[in-house]
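The data blocks that follow each hold one structure.
Presented sequentially are two complexes of chain A, the first with chain B as partner and the second with chain C.
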Partner chain A sequence: MSIFSRLTSLFSPMGYPISEVLAYVVESAMLAIVASVSLAVVIYLFRKYMARVQLRIGPNRVGKFGLLQVMADGLKLAGKESIFPRKRDDLPYRIAPLMILVGLVMAFAVIPYGSLFWIGTLTVSDTSVSVLLLFAIIAIMPIGEVLAGISSKNKYALLGAMRAIAKDVSFEIPMMISVLAIVMMASARTASSLSINSIVLTELVPYGILQPLGIFVFMISMVARASYTPFDMGESDSELVTGYSTEYSGLRFGMFYMGLFGSILLGSFVISLFYLGGFNGPMQSSLGFVWLVIKAMIMVFMAFTLWLSMPRIRIDKFVNLGWKYLLPIAMINLVLSGTLTLLMGW
Partner chain B sequence: MVRLVIEVKEPRRSIPIIGSLSGMMLVMRHLFRKPVTVQYPEEKSKLPDRFRFRIFLKLDDCVGCTLCEQVCPNGSITMQHVDRENPRNKRMIYPDVNFGTCTVCRNCEEICPTDAIYLTHVFETSRTRNSFTYSPEELAMQEDEVKK
Partner chain C sequence: MNNFVELNFGPQHPSTHGVLRLRAKLDGEIVRELEPIIGYLHRNAEKLCELTFYADNLIFFDRMDYVASMLMESGYLEAAEKILNIPPPERVLWIRVIMNELSRIASHLVWAGAFGLDLGMLTPFFYCFAQRDYILDVFTEVCGSRQETNYMSVGGVYQDLTPEMIEHIDAFLQSFPKKLEEIYRLFVKNDIFISRNKGIGVLSKETAIDYGVTGPMLRASGVNYDVRKANPYLVYDKVDFDVPISQKGDNLARFLVRFEEMRQSVRIIKQAITKIPDGPFFNPKAKKSMMIRLRGDGEYYARTESPKGEFGVYIVGDGGVKPYRVRVRSPSFKNLSVLPVLAKDQMISDLISISGTIDLVFGEVDR
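And now, the complex of A and B:
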């Protein structure tokens, strides 16, 4: 039972098509609100964490402990004028930030969240092929970056987009192969091995323990997907102004910013679902969501630490890393996990 | 001809992930250290004992010798006429100080024969523009009494 099916049954007295449409609308609105609030929380946590690590205090003026600072920044961005470059390609320029944000919110709809006390399951929509759906959605977001870079007709934006493409092609294949190892291991235990929910339910021993190489490759891929500092080639703000988002201002820039932090949150959720046991834990039927959030938050803080402790690596080194190290490691991980599953029966 | 050959050493190679992890640990350790930021108007950092900024003047002690005016390297001090009964200051001239150009060299304090002019640790002398000059009466007042 997901939130979507419960909404459909709630609206079912209105007849078949209307109830389905209403369920979709309500679900999307709830999801957008929850996603943007959790993004604000992640941004606040990042700013506070970065400040404390750099021996500063961080936002503490707007609201208690600066809790409303993110909201104030968002209002400021929303009130700003969007300046359009004259030679832009209009349609791609306008839809690029939307693609990133909508892709992100869609990805949050596919993830299973476990259940919480009397509310029951918090999973928004559960399909039997949610792994494929999730990675299809994750593959949409780089297109937004590329469109933004090419359509703004700016040399920095174009260079940023080219770097983003080079980065994306070099990590996505290792990422998919490491996910394939997960699906392979899950298929020995469950019939519907392409559903994230059933993958997590088979994870009595977290797959991160069985596949240490897999979690290594997948974490690096998720860092590259979110494109923050060790791998922020698309932005490269010390060389390319701000890369593909150079020509954006106002709310459209805010969408890129939210996309960055949302990708961190999404990556943390996905890692904790696939490799850290997701919502498995003591009292799973009532505290499942809490376990998932705790694991995801640990991953978020690891991501922040990684962000704050490393410089950007050069683009050719990252491409080398992707093709010469991550891909063979992912292959070895695939073979190892196949061996573990077939021979040892783990 | 002597040829200078600069020998460039290859950096020592180590396992790459170890260095990254130790960097991450260093970043995490900083989380538990006290922030160095001082939230200025609410909390103030402790000033050193010998910190001096604001110049004060005891009008009763000043004899109008103009030594402070002569010794001031920037010409920040000029003598002003003040109508004030003081048997020791027959010419009725007292120094004023322009804090816009004062470099706090403390020459005036050192040369004053009666210790009438002296510096204190008061430093919050922010004023509206074009009025950095403290008149002799203002130099005698406490900082919060001075009209900014």
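And now, the complex of A and C:
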């Protein structure tokens, strides 16, 4: 029983249309709250982990073990004045950070989370085309970056936006092709092969084992999507100040910051669902969500380690990597998985 | 051909190592013209030296290359002691060699950390600064100050190196080489680091000599010139060390030369702490009460090897208690002048990494 149906039955005394609308509103609010709390947790973990890696202690002043530091930082950012550049393009400048944040929260709505004890399935919205929907939503976020860079009317931001465009076109196609290979393999096993839920439920072994090339391409794409080092050419703080978000301050800057960590979390969830078996594991009906979170957290810490140990790659080298290596590898992966599906019926 | 975007880097920019301002003309991502603009940290140190007693001028030199202040002091004293005719005793020369080399390691560590930040590597910065802090602990022990040390004085040093201090230096030398290799591996075992630096910013031998480039930059371009060998001062002719040279002249060569220099510095200090003779730690002619009465006559140009290159101090004395003229040849300034040549037709990312390998310290460029 999903949360949505529980909410509908809770509000059922109010009559049909109202109960459903209320259920949607309450569930969206819950999603937004849970998403921001989990982002705060990820940011806290990152800061503690980074401090450990760098021989430091990390936040330890606000709250026990600095647990409330992220909240304090958020409050500080919210209380700060937003400074607007005078020559900005007003509407795109204002909606750009929102696009990143809204795209992020929407993406969390369409991925399946498995079930947890008596609560049942935690999935917010389980559509039969969730693969398409997920990648359509993920594709919104780069537009926010580009809008931010161009509407700021700042040379650093413009350069950052140019790099973001070059980066996005070079990783998104290999990423989609490697997802295509999964959908193709899943179509041999399930009728609704565009639903992430049924892809995960019907898999024989995790697709990461069957498609090592695919997981390689997909993980690199997810690093580039979240744009942290080594692929943070768009922001590259030592070259372009902060790239496309240079002219943002206060809460709008906080939205970019949340977008970065949210993308890491989202990418980790998506990799675990597609390639690591997602919520599959022992006692799946009650512990599915726990398995998913464990797998996602392993991916999150892999991302942190990569971030902290790598220098930034140059943008032309990344475009090279995307078109000359990732794309052919993704193609080979597609052909290999097609052959496997035909021959073995996996 | 006037469609270039003019971009202004700095003076407040995350990777300008202080207050460097670069005016770049960009063709897309490619730098077509570059003009460094300096002077944001100008403090008139050379003129101030003319208004101050010989012995007190050290504080201005401390604040020139503030990450290697011991070397600045010893560079000034090379000239000042000749003008004042107060040769320091033998033990002081050895103490100065030890402090100079510790300071050189500290300076190169700061450079390595900051260079990592330029390339987007956050972590090595902390590893480098953690090691540097052990050196600063030694400085605190000998003179009570971490950065602007003011340890050396005319004809001697502020206080003697006690056996405990030497023990602490020795303990640092025992642990440091291992940590240095760890930091070194963090950089060179990384393919992205190599691809960002190999063949980038190639400085040819001729250009380097034409522009007066010195120090590790010159040696990375294949010129075997180190003042410590070419014109030994202090007791550098009594210690055994190699001068690392590379023929490549690119970013990576400069990186490797600086790391090898740190290893050689460790070697020098190891010899110095065993060879250091007993004796007084100041020349009796330069007692503290006598300091303001020291009179200098004549002129002298002293050159020493600072971590950035050849650090020259030219002093003219007119028989008074204050110098008539002090002129500093600062290596960072000369090395900076070659940046427009190196960065021409390179990408912005490479401009940042090239300016990182020059090792700029603005206290010294602007003085």
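As a convention for this text, the second predicted complex is superposed on the first by the 337 of 346 C-alpha atoms of A that agree within 3 Å, B and C clash if a C-alpha of one lies under 4 Å from a C-alpha of the other, contacts with A are read in each partner's own complex, and residues count from 1 in each chain.
To be clear about the criterion, a residue touches a chain if its C-beta (ideal position, glycine included) is under 8 Å from a C-beta of that chain, and two chains touch if they have at least 3 such contacts.
Since the model is a prediction, treat every value here as computed from it, not as a measurement.
With both structures placed on the common chain, the touch criterion links A:53 to chain B and to chain C. For chain A, the partner that touches more of its residues is C, with chain B and chain C as the two candidates. In the superposition on chain A, A:232 makes contact with chain C only, not with chain B. By the touch criterion stated above, A:312 is placed in contact with chain C alone, chain B being left untouched. Residue contacts after overlaying the shared chain place A:159 against chain C, while chain B stays out of touching range.
In the superposition on chain A, the residues of chain A touched by chain B in one structure and by chain C in the other are 53-56, 308-310.
Of all residues in chain A, only 49, 51-57, 60, 302, 305-306, 308-310 touch chain B in the complex they form. Listed in rising order, the residues of chain B touching chain A in the complex are 20, 23-24, 26-28, 30-31, 33-37, 39. On chain C, the positions that touch chain A within their shared complex are 5, 7, 13-15, 26, 28-29, 116-123, 125-127, 130, 186, 190, 192-193, 195-196, 347-350, 352.
Looking at the complex, you find that chain A touches chain C at residues 50, 53-56, 155-156, 159, 162-163, 229-230, 232-233, 236-241, 307-317.
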